[in-house]
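Quick notes on the structure that follows.
A, B, C and D are the chain letters, set down in written order, and residue numbers restart from 1 in every chain.
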Amino acid sequence: MSRFIVALAALLLSVCPLHAAEKIKVGFLSTMSGPSAALGIDIRDGFALAMQQNGGKLGGLAAELVVGDDQQNADTGKQLIERLLKKDRVDFVTGIVFTNVMLAVAPAVFDAQTFLISANATPSQLSGEGCSPWFFSTSWQNDGAHEAAGKYIADKGYSSVVLIAPNYPAGKDALTGFKRFYKGTVIDEMYTKLGQLDYAAELAQVRAAKPQAVYIFLPGGMGVNFIKQYNAAGLNRSMVLVGPGFSADEDVIKAVGEPMAGMFNTAQWAHDLDNAQNKRFVADFRKQYGRTPTVYASQGYDAAQLIDAAVRGVKGKIEDKAALRKAFEAADFPSVRGDFAFNVNHVPIQNYYLRQVVKGADGKLTNKLVSTILTAHKDAYAAACKMK
Amino acid sequence: MAELLRLRGLVKRFGGLAATDGVDWSVAQGEVHALIGPNGAGKTTLVHLISGASSPDAGEVHFAGSDVTRASMHARVRRGLVRSYQVTSIFRRLSALDNAMLAVQAGRGSSLRFWSPPQADAGIARDARALLARVGLDERADVAAGTLAHGEQRKLEVALALAVRPTLLLLDEPMAGMGPEESQRMIELIQRLAQEVTIVLVEHDMDAVFKLAHRISVLVSGRIIASGEPEEIRRDAQVRRAYLGEELGRAA
Amino acid sequence: MDLILILEQGLNGLQFGLMLFLLAAGLTLVFGIMDMINLAHGSLYMIGAYLAALVLGSTGSFLLAVCGALAGTAAIGMLIEIGILRRLYARDHLSQVLATFALLLIANEAMRILFGSQSLALNPPEVLSGPVELLPGFLYPAYRLLIIAVGLAVALLLYLLVAKTRVGMLVRAGASNREMALAMGVNVKALFTAVFGVGAALCALAGAMLGPLLAVEVGMGESILILAFVVIVIGGIGSIRGALAGALIVGVVDTLGRTLLPMSLRAVLPPAVASNLGPSLASILIYVLMAGVLFWRPQGLFPARG
Amino acid sequence: MGVRLDHPLRSVVALPVLIALIAFPLLMQVIDEPFYVVLASRILIFALVATSLNLLVGFGGMVSFGHAAFLGAGAYVVAILMQHGVTSAWIAWPAAVAVAGVAALLIGAISLRTRGVYFIMITLAFAQMMYFIFVSLKAYGGDDGLPLPSRSIVAPALDLSSDVAFYYVVLAFVLLGFFLFARLVNSRFGRVLQGIRENETRMEAVGYPVYRYKLVAFVIAGAAAGLGGALLVNQNELASPAMLNWPQSGMLLTMVILGGVGFLWGGAIGAVVLLLLEEVLATYTIHWQLGVGLVLLAVVLFAPNGLSTLRKSTGAQARDG
């Protein structure tokens, strides 16, 4: 009897894909609590804004966002992804901020033959040999901004640096990327606990090391606290602090305030980047949420746009995974960073810019585009990717 | 008579105070040897040292011909040196039978057996019931020990000590807190036990002491000041002066 | 070796240790007097920090924020004591662990509902946001100096309170011998409630002072709670003096360990390996210390009893 | 106030539970809810681990606040061996059990010299030490943990990546573990353990080497938790330091207390109730921890010996009446 019912159910299920889906579900797994909550929330808001501009639809289909908070914890992320895939049965997964969560959940998503659109974490593990046909990134390979920063610091002629990053995969990627383009003396590499908030011990060591520049890869609340404490300790008087774009983004500026002025940082996007889509994005985002979008928000926005374009490309027949993949690979949408193409590993080939925190027209601190550091930059791992 | 227990120069200090101050003492096989002394004389400390609950700062404890000074309490129990407690120490939440069974099981080889229940070993239950009968608690086997009357709890306490077939039984104030009638029954019990095992009796009840003891030793300020047969002790001027005067007079 | 580095790390350790002391002081009294394991103690620290953020947001005054946090948290602490914890004193440690673990979960969610999941960033008063030059070439954050000053003042105050006043004597009596305190006929219930209130206020002080340095967030009490337990076990449960000594030991060992361990490791290992191993080994250090103390001096360094 | 030393595994209770557990995945297939098979595997694993902790807390009177250390040790052994190419469950899982057992032997040997609240604290300290050691092992993932490329291989024909197959493997181990546990608590050893819980000094005085028995129990419980860890890491396909952190130990202890300390089914019931409570509340509100907290608090205040007391009191009435 039960076997009969199972067979019947299987038959019904196998019939379904003949029709185009009527509604798509997007599993949005991200970090939305704790010191780095702002990151996940920015990605979500960017994603939601794009959906809203499309009338609540993606690729012409009604879309539902199923949100899960991974609390920056790989374990929690793994449990949530099981639920998203097996209970909610989402069609796409996106939103993941942190690389440790990404590495923990990615295999399960790939096993379920579900597309994973990264709106931030793009670790080396998924960019080279371990690249996957189910993975696309609308952000940047984890090394990118740091490679740009390494090049900038080298070009400026700072001959010694201290590097600080959390002790997790993206932290190691970051410092590897930095060193790929920086050939001066690295006096010290400090790895701190992920989520650490008190940097007194590290700052004392930095003071003793006397470098010309300090480069930090400290996302979210970690960066906020580090910069505050760095200035409170008076280190800004004797050395230069440089970070990737998100360490000096609008949320950090708001939290830290005045001491941020003048800080250089590197990213693949800036809110004053001159293209039509970006102008619309920034204006609408400010109107909707009353704040200037961050790099994270732009990545979330582009993730939604990419899904929108791909679903549209297959005319809503998202069960045809091969066609859908082709549509993803085309990246046929106006990105807020300007045009870009996917490399073989599904990671963007794009420019990286130098930005600086300065006083805006309204007298408030904000980022300003300074120059282009790397043009149509390809990541170092793509060559090792043999996409199946 | 052969010597069963021998203490040599036993010292135990707490801070600056020597609670046991160079005790040399022996107990012979088969006797009931009472240890008396005023409160704070160090009786309990001495019992702890003999039973292995604490270890001495100096001196030796010999039992049945071997040095057990460094042996743990359970190792001494295995050799036959068993104590009961002044403050009743039984398994209050368990039935009297379970109390007895736990004690009997201890004397029946290793309990590192993880598969069969002890009920499967009929011998344990049988011996436990016999043990309860021996102290007169066979009617109360299924009662939780904590709800037994005080005198019954004291008997159970003795039963637990008996279960492991001791050669020397250290009874620490078995009559503590008992009424005259209960005391009388406990005295009878001890008299019966005395025919099988050597007993060291630490007791305040002088009536009981003089009824039961073959020999009596007097502990004052951590030292044995006198040791001998009841009549000698009764007559010993030093003992009278130091401690017994009034109580002894009344007992006599 | 760099003298300034050692000095700076010493001050950092002192600052960290003094804040730990504020938490440990309340915990050790509750533990010692009421024989109560309170896993929700860290939640009072969190509540204090949130209250401070709330008052700071609406008044803009840091001093008011600290006072508000102290008063509010003390009140909340006493309410919890009267409403719930009082029923648990006579229960076994297991029930206490479960009940206070439940309180911890409830407090976390309550804060999340009231203030959202995002952490709040507090800023120290403007005048204290920069450094002070203590020695030529040695700049130290002014705000951390304030924390050290406050910590020392509170430690002194607590010492006077416990050592010199009648209430303090009762508290000490309670910590070393509960029955005696009961026999002395003091209103034990009121005393317990008051002690709990003071403990809560000390937590709030730590929360309010550390808020601008760290972040005000849900779950901030958990990691520091475990450290506070380590402190009181090292110092001896029930002893204020022990809590202070334990807190300073943990603070200094942890902070100096984070510097000196990588340094000494670097002498024998490649820099990347050394700086990776260092912080983690340093965090193990205090637990090794605690296990060692428990093993050799089970009652702690300054036992309150016996 | 009476406490019984025997804890019969009544077939009236055990058989229906057994049948339900075996039938469960089939049922879920019929109603097409595969997620609940995943959830059930997770609950079963925690039932095993909580039961092993109950052996310590409920039967031996040893309140260990560091049981997560052994869970984590088992998990990491499997993950680390797999990183080095050992995929066979026949090697990795026994290794997990052995390593967790050895860890328990070392930690227990030192911790069991302390009593009461100091024991709680020293077990906590050792677990935190293990936590930080794994955080520092960068070669094995450090902070972010060590993902498994795939689940362990039991037999070529048995693909554990199928959630249903994995469920049955978990079920087999948990049933075996529970059955051994039920034998153990009723054995001579189990009675000795309970005797120690009731009155340690007295046990020593009737001649039991108490320390040795406690240590053996500690090692058995640690090894069983190690098995739980080996299963859990296969379920999650990730070994992470969070598995060893103290809130995990707190959760395990909560399960035991919730289900009933010293009650045969205590650990299992606690795991089922707590994890289901989480799951159910989480579907209604993101603030599910509030609900969990309130329920726990209510249990402590109104059902002092865990949920099993509700059953026990009715059972006692039935016996008396």
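The working rule: a contact is a pair of C-beta atoms (placed from the backbone, for glycine too) under 8 Å apart; a residue touches a chain by one contact, two chains touch by 3 or more.
Computed from a prediction, not measured in an experiment: that's the story for all the values here.
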Number of hops, subunit A to subunit B, where each hop joins two touching chains: 2
Chain centroid nearest the full-protein CA centroid: D
Whole-Å gap separating subunit A and subunit C, where each centre is the average of the chain's CA atoms: 37
Subunit B and subunit D, separation of their C-alpha mean positions in angstrom: 42
Rounded Å distance between subunit C and subunit D, as computed from the means of their C-alpha atoms: 32
Length of the line joining the C-alpha centres of subunit B and subunit C, rounded to whole Å: 49
Residues within subunit B bordering two or more other chains: none
Residues of subunit C whose C-beta touches two or more other chains: 112, 276, 279-280, 283
In subunit D, residues with contacts to at least two other chains: 135, 138, 142
Chain contact graph, described as a line, ring, star, complete graph or other shape: other
Interchain contacts, given as pairs of chains that touch: A-C, A-D, B-D, C-D
In the complex with subunit D, residue positions of subunit A that touch it: 2, 5-6, 9, 13, 69, 73-76, 78-79, 82-83, 86-87, 99-100, 103-104, 107-108, 111, 166-169, 193-194
Interface residues, subunit A side, partner subunit C - complex: 32-35, 37-38, 41, 69, 167, 188-193, 197-198, 200-202, 204-205, 207-208, 221, 224-225, 228-229, 231-235, 237, 255, 257, 259
Residues on subunit D engaged by subunit B in the complex (per definition of touch): 1-6, 180, 183-184, 186-192, 195, 198-199, 201-210, 213, 216
Interfacial residue positions of subunit C with respect to subunit A in the complex: 2, 4-5, 8-9, 12, 15-16, 112, 117-119, 121, 123-124, 129-131, 133, 139-144, 213-215, 217-219, 255, 258-259, 271-272, 275-276, 279-280, 283
Touch list for subunit D against partner subunit C, complex: 57, 63, 65, 110, 113-114, 116-118, 120-122, 124-126, 128-129, 132-133, 135-136, 138, 142, 246-247, 250, 253-254, 257-258, 261, 287, 289-290, 292-297, 299-301, 304
